[in-house]
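The following pair of complexes shares a single chain, subunit A, combined with subunit B in the former and subunit C in the latter.
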Partner chain A sequence: MSPSLITQVGALAQRSVLKTLRQPFQMFPIIFFPAILLIINASGLHAATLLPGFPTHSYVSFAIAVAFIQGAMFSLINTGTNLAEDIETGFFNRLALTPLRRVSLIAGLLVGVAALGAMQSAVYILLGVVVGAHLDAGLGGALVVIVLGSLTALAFSSFGCVAALRTGSSEAVQGLFPLFFVFIFLSSSNLPRSLLKTPWFHTVATWNPISYLIEGFRSLYIFGWDKTALLRGFGVAIGLLVLGLLAVQWAMRTRLQRT
Partner chain B sequence: MGNAHKAAANVNAATDTTPGAGGSPLSSPTTPHEQPPRSTIWGVAGAIAWRGVHTYVRRPELSIPSLVFPLIFLASFAGGLSALGSVPGFDFPAGYTAFQFVFVLLQASMFSGLFTGFTIAFDFESGFARRLMLAAGNRRGVALGYALVALTRATITLTVVTGVALLAGMQITGDGVDMFGLYGLAALLVLVGFGWAAGVAFRFRTIQAGPLMQTPVFLILFLAPVFVPLPLLRGWIHAVASVNPATAFLDSGRGLISGVHNHTALAYVCAVALICVFTLWTLRGLRAAERAG
Partner chain C sequence: MAEKNDNGIEVEGLVRDFKGGVRAVDGIDLRVAPGEIYGFLGPNGAGKSTTSLILTTLLPPTAGSARVAGLDVVHHGPEVRRVIGASLQDSALDPFLTGSEHMRLQSSLHGLAKPQREARGRELLAQVGLTEAAERKVGGYSGGMKRRLDLALALVHRPRLLFLDEPTTGLDPQSRAALWDEVRRLSVDGVTVFLTTQYLEEADALANRVGIIDHGRIVAEGTPAELKAAIGRPSVEAVPHDPGERERLAAVLARFGESAAAASNGVAVRLPRGAGDLAEIVRAIDAESLQVADLRLHSPTLDDVFLAKTGRSLEGAAEDDDADEAAPEPLSA
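So, the complex of A and B:
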């Protein structure tokens, strides 16, 4: 990477981070909603720990994995909305007319997202400590959670960028939120897959990649170092990121042709 | 042409500024002894209800989310958490699908009311509601009309949700009267959700007040025994759920669907009391909107 590219990406990453941090209405759902859902579900579903085969006695340790995925979903919406607003206001077009390299237009945004993803993962770890979740993998596990959280936010956000580049409308990006949220609902978010007794739901959750991401985070909290769960979790995050970046490249080409 | 259609034509004419669009509402074709339909509360309400339902049916981006969300909740809770039906102490005669169906039904009812609050806010943002207030002879009819929209939306949503639940094999062990009671309670909760959201919408007159409409209702619903019965909840959520009116709604609904009545009278009393409170809240909001011009 040439120094000029690093400078360009760094400047746009800094803008991306500051733009989110300076808008409380973007930070509020990232922190508030996962926290409130964790607290409510951990209490409301505590009875699930009485089921034979449930892997832990602490439902909050089981459920906290979902907070990281919800946070990544909010990153998707925020990133897509910010990029769409840049397109709507003409800022993106003006950037495209400058000598900036095309790759840095999106790379800067995504580097900022990765940084925010790491920050929000650290916040969720602290939240877990406050509400009594036990991280079995210890301090090393916390670092892996932050890396996986950042990677997941990055992967999801690339799809937010695709939506923004294709539609150029922040309203359309916001409208996609429920669609992405369905993937969390139809996964092993509330019970382990072995306890999903409804056959069709078990099949959907098994095919749903979000289940493996959740199980990656969850393994560090409940089992310590489970190589299989971690490999699957990182595999899904990296796979989604590669797919997302390919889709971004395609969407960028179309968007810049229009420009 | 019925009163509602006449009033709808008047409202549309009053709000359409294009040349030749039908003129002013003052030129509506009425005889000297006939009261103009737009000046009666039911005439105004009928016109607004007709427009609201027409818009809802014609615009899939409005109707599909309100249908899809309850179905996702039903699939996720009844399908994904069915193992909770075998937790020691869980004893519900109609099975876990029916147990969760009641939550989804009542949640969908309240949210049908909330989504209509969004419609009011959107109509204010677009300027339509202000013109509507000028055209309407009796402005309480505006609130009543939107309430009818909420009830119609809920009827569509609840029909679909019930159909899907029955196809998924839901058992109903209550009788016909019990089911009438269940859907009656659902109708009251539509009005509760609408009353709250409409009061907010009339006061703020912007769609940005959406979180203020949704979040309290969402929290109240989820601080009730959603996943397991009240005796199986532990700690702070048991204490909160014990005094939460949504617990009475859920207990009552589950009692009605299973035929083992539980807090039915309490639920109806709570719902009617909330409707009375939120009717005042809505009418005062309507006055605030009038004062704002």
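So, the complex of A and C:
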């Protein structure tokens, strides 16, 4: 990587982080929405821990994994919206008119997303401490949670970039939120898959990759170091990221036709 | 390949088609000399912005060729981008960044060395009168401030050619005049300016030469004076104080030239010998003891040129073609 490429990606990443941090309406849902849902679920669904086969006595420790996925969903919307706004305002063309390489345009944005993803994961870990979640894997586990959180935000955000590049419309990107959010409810977010007794729901949750991401985070809170759950979680995150980046590359070809 | 000191633009048979059979640019030929301010004038939807996008390498042409600074825009896109600056339609700025942050970002992306970035940013912000607003977020800037910052950003890497697309749209007269001064100064410094505009006054005031585009084709080209001279002489229009004297007034003016279009209560004639007849006309009116409420000399305008070449007024055409201006985006190409 040439120094100039590092400089360019660094400059764009810095701008991406600044842009998000300076928009309170983007920060608010990232922090408060998962916090409120966690508190509601933890108090309302606590009785689920009494079910035979439920893996822990602390529903907060069980449910906090969902916060990381919700945060990544918000990253998807925020990243897509910001990129779409850049296209709408012509800022994207301004960047395209510089000697910036095609790959740097998105790399800068996504490096910023990864940094924000790590920051929001750290916030959720602290939130968990406040509401009484127990991180069984300890400090090392917290670091893994941050890495997985960042990777998940990055993977989801790449799909936000695809939506932005294809539609060029921030409203269209925001309209995708319910579509992505429904995947959380069709997963093992509220109960372990082994306790999902409705056949169709169990099947959907088993095929839904979000289940394995949630179980990756959850394993660190409940079981400590569960190699299988972590491998599946990281595998899904990396797989989604690869798919997302391939789709970004395809969408970029049609959006950016510069010679 | 490029001649190193060639800051000009050469375009031959340029065509750009979009999906649905829309031909936005239809065989344009033009040449812009180094250091020249070339006004590209036309109504909305005429193909101005599409041409600008092609010349700035953001959109490949369907056919034809274009060389900017001696470099083919299709085969040498990255090299072209290094030598051009562009301020495209609307101010493409991030409302959440400050003026200084914009300058730093742009300098970094253009590869300026770190010590140069701050200095160049300060220099350009001072040049466009934004020093005091440098640390404010751009979301709070006025339209004129945004346009000036936009121009400063286009100049970060000292481009040899500058593309300005509708640079003064929405600006108040004072901001417009300030931006015109800056463009003139750049031209004096040797920067070639390709100025896309729909404002006649702007093209007239700034451009050394003007190309008038309509429906993707150049319909007239030359200096503003040449274009205006080509379509005729000035006209004089008089409005009688007493409407009943209109016929007598018309008879007096008819001695000086053939009838021309006038306001409903006035009389106008085209002056074949130019404005020199004006004093004689005043004396003739006085000699007939006619009182006039208004007397005006009309010089031909670029709008008259557009009217003569297309059969439509430029301002009327702008309204007609507003719906077309949604210049098809690259995605739909």
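General observations
Rule of thumb we're sticking to: the second predicted complex is superposed on the first by the 257 of 259 C-alpha atoms of A that agree within 3 Å, B and C clash if a C-alpha of one lies under 4 Å from a C-alpha of the other, contacts with A are read in each partner's own complex, and residues count from 1 in each chain.
As a convention for this text, contacts are C-beta pairs under 8 Å (C-beta built on N, C-alpha and C of every residue); 3 or more make two chains touch, one makes a residue touch a chain.
Just so it is clear, the structure is predicted and the values come from calculations on it, not from any experiment.
When both complexes are superposed on subunit A, subunit B and subunit C end up sitting side by side without clashing.
Residue contacts after overlaying the shared chain place A:23 against subunit C, while subunit B stays out of touching range. Chain centres taken from Cα atoms put the angle at subunit A, between subunit B and subunit C, at 80 degrees to the nearest 10.
Legend: residue contacts after superposition of the two complexes on their common chain; A:48 is shown touching subunit B, with no touch to subunit C. In the superposition on chain A, contact of A:56 is made with neither subunit B nor subunit C. Once the two complexes are laid over each other on the shared chain, residue contacts for A:254 go to subunit C alone; subunit B is not touched. Contacts of A:97 after superposition: subunit C is touched, whereas subunit B is not reached.
Subunit B and subunit C never share a C-alpha pair closer than 16 Å once the two structures are laid over each other.
On the subunit C side of its complex with subunit A, the touching residues are 56-60, 73-75, 77-78, 80-82, 84, 86, 88-94, 96-97, 101, 104-106, 108-111, 137, 153, 329-331, 333. Of all the residues in subunit B, the ones that touch subunit A in their complex are 61, 65, 68-69, 72-73, 75-76, 78-84, 86-90, 219, 222-223, 225-228, 232-237. Note for the complex: subunit A touches subunit C at residues 4, 7-8, 10-12, 15, 18-19, 22-23, 86, 89-91, 93-100, 166, 168, 254-259. Of all residues in subunit A, those touching subunit B in their complex are 36, 40, 43-48, 50-51, 175, 178, 182, 185-186, 189-191, 195-198, 200-201, 205.
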